[in-house]
Amino acid sequence: MSLPQPIRGIIPPLVTPLSGRDTLDVAGLERLIEHLITGGVHGLFILGTTGEAPSLSYRLRRELIERTCKLVKDRVPVLVGITDTAFVESVNLAQYSAEQGVSAVVTAPPYYFPAAPPELQQYIQDLVAEMPLPMFLYNMPGLTKVSFDIELVRRALDMPGICGVKDSSCDMIYFHRLIEVARQRPEWSILVGPEELTAEAVLLGGHGGINGGANLHPSLYVKMYDAAAAQDLPLTRQLHAQVMSLAGSIYTVGRHKSAIIKGIKCGLSLLGICDDQMAEPFQRFNAPEREMIRERLCTLGLIE
Amino acid sequence: MSLPQPIRGIIPPLVTPLSGRDTLDVAGLERLIEHLITGGVHGLFILGTTGEAPSLSYRLRRELIERTCKLVKDRVPVLVGITDTAFVESVNLAQYSAEQGVSAVVTAPPYYFPAAPPELQQYIQDLVAEMPLPMFLYNMPGLTKVSFDIELVRRALDMPGICGVKDSSCDMIYFHRLIEVARQRPEWSILVGPEELTAEAVLLGGHGGINGGANLHPSLYVKMYDAAAAQDLPLTRQLHAQVMSLAGSIYTVGRHKSAIIKGIKCGLSLLGICDDQMAEPFQRFNAPEREMIRERLCTLGLIE
Amino acid sequence: MSLPQPIRGIIPPLVTPLSGRDTLDVAGLERLIEHLITGGVHGLFILGTTGEAPSLSYRLRRELIERTCKLVKDRVPVLVGITDTAFVESVNLAQYSAEQGVSAVVTAPPYYFPAAPPELQQYIQDLVAEMPLPMFLYNMPGLTKVSFDIELVRRALDMPGICGVKDSSCDMIYFHRLIEVARQRPEWSILVGPEELTAEAVLLGGHGGINGGANLHPSLYVKMYDAAAAQDLPLTRQLHAQVMSLAGSIYTVGRHKSAIIKGIKCGLSLLGICDDQMAEPFQRFNAPEREMIRERLCTLGLIE
Amino acid sequence: MSLPQPIRGIIPPLVTPLSGRDTLDVAGLERLIEHLITGGVHGLFILGTTGEAPSLSYRLRRELIERTCKLVKDRVPVLVGITDTAFVESVNLAQYSAEQGVSAVVTAPPYYFPAAPPELQQYIQDLVAEMPLPMFLYNMPGLTKVSFDIELVRRALDMPGICGVKDSSCDMIYFHRLIEVARQRPEWSILVGPEELTAEAVLLGGHGGINGGANLHPSLYVKMYDAAAAQDLPLTRQLHAQVMSLAGSIYTVGRHKSAIIKGIKCGLSLLGICDDQMAEPFQRFNAPEREMIRERLCTLGLIE
């Protein structure tokens, strides 16, 4: 399926349903995809941070790409994260993605060695030249240590094959600069990662959100996007408050940074959608933590 | 070859000689290995940070392991870095290493998701249980974002299969705490990464250094280790000053953090040992930078 | 003048006009105050970060408080920064402020020793007990190293004397949490520091901005606030784009973090309002930098 | 008393004995000074980080300077920290220090605004020009956010009035570079802050330590310095292990960064030397924490 340019809306970053170390929860994946498409999402993004991509074996990543494409059957665009510390592995994954019918790939900077701005620019230039699909830049300095600075993004405007930026920096000043720069490329999408920021991102010119919480409650995020895109401010504020509640309750059970992904997977397990097995170095919530998630899902009205 | 426990001395972290993207410089690798063994080093460590391991494809990492073992022919122990964000890939690489005759493996924390201390402890416990070879912990918070805290190291004393720590934190207070903790395990080695710190590490109870600059001038580092191990303080100070000069001149040509590895590879190329091709996201020094390295090698007396 | 609770709108953080080391530019201060009040601002904040407060002697800080109050003559509320590393000096400055007719004081965490959350909570509790005026919490982790975490703010709801938060963290997720928490206290103001974020802050429930750029062009910021408060989204977007242009051009001349304050002071000097003398450790822009600011002010239409 | 150049040995950074908010524990100060001079220390450093200087009112800082000088009566050199965010306040404190008979002043970078390297260099140049006494640079990036980079130190070699560097960065590579640079100025002292690093600092060419733990047990630190200065490696190792034990037990009772200063003050209180009152934002240890310090002092043999 070819990528709408610009792609707009809610494109959830799917968790990767697992049923054991290096084993995909295939039935869970199918239920998750149906849950999301039924919820009205505008695309699916697999193998991102929420998908624990760097923690998965290459074998499993390929299996996930293949199965996702077969299950989605071109109903919505599929985006695939190819971020890697090894250039060649990124290229291999992109080629495999293209063969399976993926719509676009997404890459963050290599995350072991922090590349300096000119090194990162050269890297992106070299990488995009090898890409068989449109490529998003994925800004995630909290985990990759380096940002795609605005100057690099400005130069990327002239690199054929780049189709936008996903920004998970939590820095809305940077996000507004992205929108300013990307005005020259109306086919680019500027998408925001953290769901707490999607309302303002869209109100002020962004194209949508790649929001983890949409795994749990896709229709809420789609409605918030629709309200913001329609410039309905009172409704946007109301739905934004609901998104803040969901994030504030589901992501704060664990004490570590892993609490967000664990919370989403645990919630999906309680919703009967997929297993909450995590890839190492993370482990699923224990029983008391799971009980807290259950209570909070009840309060949110997501389970009875 | 079985690992001496504790292993002591200088174990250089080899650069990975490349002749193109994803192509090993096989002749260069052979010359590098002979250069180091002739220089008197006590072991070889491949696929570490200096070896640009995370930037290499898995295919090339395996080729490097295989060829290194064949070339070394058990003259010194070979250590292999298996650090990975994916548990399964670390295990696969360790198994391959064991099959090829490697002496020990070395692992840093997974470097995309920062594992909290209890998560990291569980990870190490699970990983070491799968290891066919002794395993070193490799503390490298500057690149992996998290440390093996002292409490974790204390618990690792009771995990069979762990044989020591390589510390590249540049934090000598931490290093002294490692030595204090490891007194209970006389077979453990506590090794230091940065060469500027090897003298004091050995003077105060450490077992040696995994020093990048030893690629260029192995005998200098071996002599400094020997002097410190023999408690010859005047000679240690003199050789330490030489090591400071080498590091201060060869690692400061580039402006980015990549300057150290680029400087070593460029120097090896000028010494006629191997190609200076870098793995992406880094590129080799340009002509003026290379000329500066040449001049500095002359000043250091390493070339004429 | 008593503080409107909640105070709403644009409250510029005044630069401190200086004519030499430890010498106030008194005429410049008068012109600056008239420029801002004429521009329609809703209050004035002196001795904040933009005011270089920590770089000023205590003598000069008192002179500034006294003169500002005399010049303002209760036309708008005056807020005074009392942030200090020494508890007693903060109290002294607050008492002096009260004597001079100030409306409220503003305090960031002590900025040498990073207080842990319970230590910081105790500190705020003890400090507010000594305050003769309402007190804002000023969140500025980039310079103070620690944040007022949401839990502390929740507890501050029950500390009489606290009247709101100024947030300069650039973290809009945190800002939305502040608004959520402060709903229980309708007399609190939640104000945002960076001007690039004022539009969304007000659109989604905040009370206004303490924006450095308002020193230069107060009416633009007041109009943007008014548009956002009136939920006029098209006009808000247009004025937000103008604010982005001003910030993007005036704050990017110098290469250091001081570029923002230097840019504002240099611009005010070119507008004929006050001297651009900086307090150490900063120095005013040199001639080529000043020329760049002049050109950019022309482009922005602020000078001819 | 004029400063020995270079000054060598152990110069403890005194805690500031307090008996209430803004009240000096005068009797405690006298006992502390006698305890240290009896212990053989080579100088006294007041108003440093261990002295909680930034948390003290200016009035109290002056009282401390005056009383210390009167109590010391030129038996050892007295050094005074004048670090401040306000240039004028640093100058005022230095002038007061000179009047009271202090031997040298010590300054870290201004710690609110992070000065860029050229800004910091200009600052130091301007400051030293106003100094009536020799001035040490105090490198403390963990609390001031910026370092005196080696290039700045190299330029400081030519600024009359500078007499050395105290380095509390915990970065021994940096420390060795300081020694390398300062070889051109045999009258400079290069002193290390953290006591865990004094042994190696002195073994490899440094002049001594400004070590907090020397407040508690001055003779231990003096013996360790003497052993290292005499190149007696076995004795140095043994005393270093004792220092590691003291630091490892006394500094790890509290959970926050304040644990070090709180531990020292609590220990001094248990030794009957001075009150353990802290300056805000810190509070003294509670009863169970105090009991832990008591037990550890027993284990260390410092109390019965």
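In this document, chain identifiers A, B, C and D correspond to the written order of the chains, with residue numbering beginning at 1 in each.
The criterion applied here is as follows: contacts are C-beta pairs under 8 Å (C-beta built on N, C-alpha and C of every residue); 3 or more make two chains touch, one makes a residue touch a chain.
Computed from a prediction, not measured in an experiment: that's the story for all the values here.
Undergrad: If you average the CA coordinates per chain, which chain's centre is most distant from that of chain D?
TA: In terms of C-alpha centroids, the chain at the greatest distance from chain D is A.
Undergrad: Roughly how many whole angstrom separate the Cα centroids of chain C and chain D?
TA: 35
Undergrad: Rounded to the nearest whole Å, what is the centre-to-centre distance of chain A and chain D, using the mean of the C-alpha atoms as each centre?
TA: 50
Undergrad: Check each residue of chain A and list the ones that touch at least two other chains.
TA: none
Undergrad: What topology does the chain touch graph have (line, ring, star, complete, other)?
TA: Here the contact pattern is a ring, one closed loop where every chain has two partners.
Undergrad: Per the touch rule above, enumerate the chain pairs that touch, sorted by label.
TA: A-B, A-C, B-D, C-D
Undergrad: Name, in rising order, each residue of chain D that touches chain C in their complex.
TA: The touching residues are 21-22, 52, 54-60, 85-89, 92, 109-116, 119-120, 122-123, 126-127, 143-145, 255-258, 279-283.
Undergrad: Tell me, which parts of chain C touch chain A in their complex?
TA: 170-173, 176-177, 180, 194, 196-197, 199-200, 203-205, 231, 233-234, 237, 240-241, 244, 248
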